[in-house]
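Two complexes, one shared chain (chain A), two partners (chain B, chain C).
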Partner chain A sequence: MALIDWKADMVRCERCSNCKWVPWQKGPGLEFAQVCPSISKHNFHAYSGAGRYHSSLAYVTDKIGYTEGWLDIIYHCQMCGACDITCKTNRDMEPQEMLLALRAQCVEDGQLVPALMDVMEGLKAEDNMMQSKKADRGNWAKGLKVKDLTKEKGEVLYFAGCRISFDKELQKVARTAISVLKKAGVDVGIFGKEEACCGGRSYEMGYQGEIESFSENNAAMFKAAGIKKIVVSCSDCYHSFKVLYHKIGRKLDIEVLHITEYIAQLIKEGKLKFSKSVPLRVTYHDPCHLGRLGEDWIPWNGVEKKVMGQLVLHDPPKVFRRGKYGIYDAPREILRSIPGVKLTEMKRIEEYSFCCGAGGGCIDSDPDYSLWVAKERITEAKTTGAEAMVTACGWCERNFSDAVNETGDALKIYDIIELVEQAI
Partner chain B sequence: MALTREAYRALEDIVGPENISEEPANMAGYAYVFMVQPYMQSPAEEYFMPAWPEAALLPGCTEEVQAIQRVCNKYGIKSHAFGTGWFPGSLAGSPNTITLDMRRMNRIVEIDEKNMIAVIEPYVAVGQLHVECIKKGLRPHVIGPGPTTSSLASHAACCGMGPSSINTSHSSRNILGVEWVLSTGELLKMGSLGQSGEWFSADGPGPSLRGIMRGYMGSFGALGTFTRIAIKLYPWPGPTKHESTGRSPCYDPIIPERMSSYICSWKSWDDMHEAQYMITEAEMTYSGDRAVAAWHGAMMTESNQEFYELWQKGILQKNAFAFGIILGGHSDGEIEYQEKCLKAILEKTGGWIDEELEKVPHAVGSNYWWHLWGGEIIKGIFRGTGSFFCAATGDDTIDNACFGSYLGDTLMKPYIDKGLFLQEVHNVWGSNLYEQATIGSHHEPLYQYDPFDLESTKAAIKLGFDSVGAAITEGVGLGFFENAGEMAHTMTSPHAHDFHKYMKKIKRVFDPNTASDPMGYCEPE
Partner chain C sequence: MKIIVCAKQVPDPEAPYTAVQVNSDTKEISTKGVAPVINPYDENALEAALRIKDENGAEVVVISVGSKISQAVLRRSLAVGADNLVVVDSPQFKSLDSSSIAYVLSKALEKMGEYDLILTGRQAGDWDLGQTGLILGEILGIPTVNLVRSVKIEDGKVVAEKILPGAYELVKSNLPALLTVSSEVGELRYPIAKRKIQAYKQPIDVWSAEDIGVDSDKLVQIDMSALMPPPDMGRDCQFIEGDSPEEKGKNLASILKGG
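Let's turn to the complex of A and B:
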């Protein structure tokens, strides 16, 4: 839907500000009560979900035009979905969809951010979001004995994603995932250097056309290799394959699993057993695209209707994605099952988790802001007494690691698969 | 009229470049809130406030607010403080005004456990304060707009009734020491704060200006900016932490031991009113408030669709004359007494607690959240259509509230019959009872309109205007929404001892250069 199609939501946003806060029923006090990174940093109302509704209303009614300040508001957003879910604890509205439409409108109108244009050029030329050479994409797997699914058929694909494939410090995540899956007896394969971007991050940056070609290409590769199950460590990829592909009408006829879901399943089936203790106090960070944004896409094609005079309904009835069915339990089940690991929760968790800061292109367009958000989260993590923060997304791990390196904090940052490996 | 560069630089020097903005997209955020058109009597097609702020500033301390105010006086600018912003009275209402977004002043300065006082800054939300207070066995007065809103704003500057009023009264009764930056930039420390630096009283031994500062309705920032206040706290009967189960969108509370949540029903208005008087006289409830079928139905459901399906079952209509209650005892004996008392009142007045209604998922839980701190209000009155306004609101006795609600119902009916408002909710009125309901029964005959629907909005605007006249003719009293601001005051003042003339004198004396935006209050004499 185009930006103008969300005008009703813009007008009906009453400005309650719940989009700024952890749901009140969860009892946020003074500390860590804010859920939106953007308003937390910038403070002016326009940097919140409601504020962007109101500024967008001003834009679609020609009260304002494009300015540097308006673009600053639009692009200083992680697209993390926190406002979307906290709004939808109360309202039948779609803030995230409006924000996506707003960015798409900017791109359509040529209102671009130079840093993101560079990323997009890299994507178009090299099929990745890291401004790296496509030829190097498979380097992470060098020396691994793993099936090449571009040359032979297989049912389980491990999809590394751009960040983990190219980020040398994170390549261990993919290597460990392969190792763990093989230990569980999974006949897993990869695409290596032929793997291409999922298209999800560009979609959230406003370049919604790119995902069309990437989804088409990926779907063709999956089919050609006979894939029945895709396993990902990257939450962005998970969101793309499971949610965005479905949303754009290219639902994959393949099971999409995040590595945490698969590992939890393998543990339950007795195929993975932990024999070593990992004595560590940890806290778990819910990646946005695995958690609140990770629930299934629910297609709806209908119209708004009124009953009882002015009660707004939808025909056919619309089911809203409210973050209830994100992947929250599997990573926690894994952590609780690892001997020695003691999990202590932060205040902002699950559907009202605080973003790592890397989303929405912010890690590229304003790294300082992105790191500020990560540091906020690290401060929260430290209050739990944890020695380590565990996450389940390469983008989160990258941003937290950079933040910790900058602040000199002793907090360790792990992908969950690393602890699994240590316990086997 | 944009700020002169000289004035802008003077303001920027005070708060720093990152805390001031003239960006139009930013200003849009400070020019929009629900009910703008009926409140301002502005055209239905115009979604925003008629005047946008020239700039928005984020002051970080009282000294900065004072300095800003001096600049306003020097350069002929007006300021308007903005707490959490959930009311048109928070917004700039006239040209050449700057908005002071108080978001950075968000500290709980002190919770004085022994003297049961909290000292707070403007951006401490009601919900935050509640959570911090219960850690110490105390609780604040809460207001109807709910946990997201500024506790300071309601106490010092804007109305202030809510579901707990039956126990904690009205915001105006709960305010103690006040730190007030006058429109001139001078700092006034009101009450005991001015005399001894202690926060315990709003009425001396230092100067008491509580009536001038806020009166009943509040000055909405038209007499300056309140930077810190002290408020009374009350004993909290529950544990030190709120706990809940479930995930978005409905979180069910774990109702504490020695607390209960009930929706009580009667067969008629008269029976319910009789019970309400008894309940207030018994002084045994933690919180109590009218349970309007449509609101509570919306609160206990996850979506409009689910609400509509619940409505079709008729359970809500069967409980049309209902009153929600939380009981809270500090001992087993106290809660036992409260339960017996409620049971006796129900027996005497023919009331009941509907088992079928209680079985609706989230019914008991949403009633608890609402009464705890105004929670779930957004589901209750905004999810359905997006906005609301009121006809013939008032604060007086329960009998007056009853009369006002009948009047509101009569005024709304032609519009409801035409499908312009949410239907099936007539006889809607919120009723926050306070001070034994002898002077305090707040009622809001509320109509939910769709601000995206031009005809619905036009109807809301017209009824908003007509209801002021009707309230005057019928003697319902001075209302909440529809009686704020210059136009409504001018209409109602001649029928109420010309109060408006006194307000204008106050405005002139306290704000000689009109350096505070008169929005929601009045122009100077």
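Let's turn to the complex of A and C:
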């Protein structure tokens, strides 16, 4: 849907400010009550979901045009979906969808951010979001004995994603995932250097055309390899394959699993057993794209009807994605099943998780802002008394690791698969 | 030496086909979630200009005429080595025909003063009309060569290779001259990081129709009688099964024979 199609929601937003806060019923306490990184940092209404609704309304009614200030507001957003979920605590509105339409409008109108233009140039030329050479994509798997699914058939594909493939410090996540899956007896394969971006991050940056070609290419590769199951460590890739491909009308007829879901399944089936203790007090960070944004896409083809002159209803009734059915249990089940690991929760968890800061292109367009958000989350993690923060997404791990390196905090940052391997 | 490169902002010709929407009612083509780009042939023209600058030394100025021009997109020209950027932006310039755009460019060139060489792309990647450059040469009354695949400056004259079917013609002309450049010149160079940062801070000239004295009565909007999407040709992708390349080959042959 185009930006103008969300005008009714823009009008309906009455500045209740739910988009800024974790619902009080959840008892987040004053210190960790804020749910939106953008308003937390800028402390100005325009940087909230509601503020963006109102500025967009001014734009679609020709009251404002693009300005440096407005673009700053638009692009200082992680597209984390927190405002979308908290808005829906008492409204049937979808700020996230409006924000996506707003970004797409900016891109179509050439209202671009130079840093993101560079990322997109890299994506077009080298099929990745890391401004790296496509030829180097499979380097993380050097020396690993793993099936190449571009040459052989296989049922389970491990899809590394751009961040984990190219970030040298994170390549261990992919190598560990392969090692763990093989130990569980999974006949897993990879695409190596032939793997291409899922297209998800560019979609959220507003370049929504790109996902069309990447989804087509990926679907063809999956089909050619005869894959039945895709396993990903990256939450962005997970969201892309499971949600975005469905949303744009290219639903995959393949099971999409995050590595946490698959590992939890393997533990239940008795194929993966832990024999070592990992004495560590940890807290778990829910990645946005695995949690609230990781719910199945629910297609709706209907019309909005105004009843009694003001009440807006959907015909047929629209089922809203409220973040409740994201992947929250699997990672926690894994952590609880590892001997020695003690899980303590932060205040903002599950669908009310606070973003790591890397989303929406912010890690590229404004790294300082991105790190500020990560530091906020680290502050929260430290209040739990945890020695380590565990996450399940390469982008989160990157940003948290950078933040910890900068602050000198003793908090360790792990991908969940690293603890799994330590316990086997 | 001053070289002017005319650059048009167009929807990305490399946009995925599914992101391109043809609206027959509004007679407009839109690209969903795709950023505009500098016309690729104009990028070739800029590359030709930069090569002359590298070899002979020159001031390269890029000029763009249109409606709602993205400065972020056009600033790429500065990042690769152009010295200045002039944007002539007006709502009146939306959907102008080629002769009107050439007229607006000629008015902007009047304001810019002296020049030695004008380079344009051979055509634009949106409508592929290929007329603006030649009409501009006519308006300016200067030697004009189209479909150029290489440009050099020798002894104060421009020497260009003009593409012919299966051959090329070597053309030597006095300056000032106008050349329309083809893709054979080569792709635009990649910007270096330091210049990119400078390019987004560098002041540029933004002019309106009034600033260059455009007579609105001389502007002609394209009056399109109809715009239709191409027919859906349908596509069906099959993966040929087989345990060996030979078996796959046999199965493919069998399908092609209709068996």
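Convention: the second predicted complex is superposed on the first by the 418 of 424 C-alpha atoms of A that agree within 3 Å, B and C clash if a C-alpha of one lies under 4 Å from a C-alpha of the other, contacts with A are read in each partner's own complex, and residues count from 1 in each chain.
Operating definition for what follows: contacts are C-beta pairs under 8 Å (C-beta built on N, C-alpha and C of every residue); 3 or more make two chains touch, one makes a residue touch a chain.
Predicted, not measured: the structure shown is a model, and the values here were computed from it.
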Query: Putting chain B and chain C on the same copy of chain A, do they fit or clash?
result: fit
Task: Tell me which partner A:Trp21 touches in the superposition: chain B (first), chain C (second), both or neither.
output: first
- request: In the three-chain superposition, say which chain, chain B or chain C, touches more residues of chain A.
  value: B
Query: Regarding the shared-chain residue A:Lys324, is it in contact with chain B (first), chain C (second), both, or neither?
result: first
Message: On the A-aligned overlay, A:Lys124 touches which partner chain: chain B = first, chain C = second, or both, or neither?
response: second
Field: Which superposed partner A:Glu210 touches (first chain B, second chain C, both, neither)
entry: second
Message: Contact-wise, after the overlay, does A:Arg12 reach chain B, chain C, both or neither (first, second, both, neither)?
response: first
Message: Under the stated touch criterion, which partner chain does A:Gly385 make contact with: chain B (first), chain C (second), both, or neither?
response: neither
- prompt: Does chain B (first) or chain C (second) touch A:Pro339, or do both, or does neither?
  reply: neither
Query: Looking at the overlay, what does A:Lys223 touch: chain B (first), chain C (second), both, or neither?
result: second
Statement: For chain B relative to chain C post-fit, closest CA-CA distance rounded to the angstrom comes to 19
Task: Touching chain B in one complex and chain C in the other: list those residues of chain A.
output: none
Field: Complex interface listing, chain B residues touching chain A
entry: 19, 21, 23-26, 28-34, 47-48, 56, 58, 84-86, 101, 103-104, 106-108, 124-125, 127-128, 131-132, 135, 146-148, 241-244, 247-251, 253, 302-305, 307-308, 311, 369, 373, 375-376, 378-379, 382-387, 416, 419-424, 448-453, 456
Residue numbers on chain A that touch chain B, as the complex places them: 7-8, 11-18, 20-21, 23-30, 33, 43-46, 48, 50-51, 54-55, 57-59, 61, 63-64, 67, 69-70, 72-73, 85-86, 88-92, 292, 306-314, 317-318, 320, 322-324, 350-352
Task: Give every residue of chain A touching chain C within the complex, in rising order.
output: 104, 107-114, 117-118, 120, 124, 203, 206-210, 212-213, 216, 220, 223-224
Statement: So, in the complex, the side of chain C touching chain A is made of residues 9, 12, 14-19, 30-36, 68-70, 72-73, 75-76, 196, 200, 237, 239
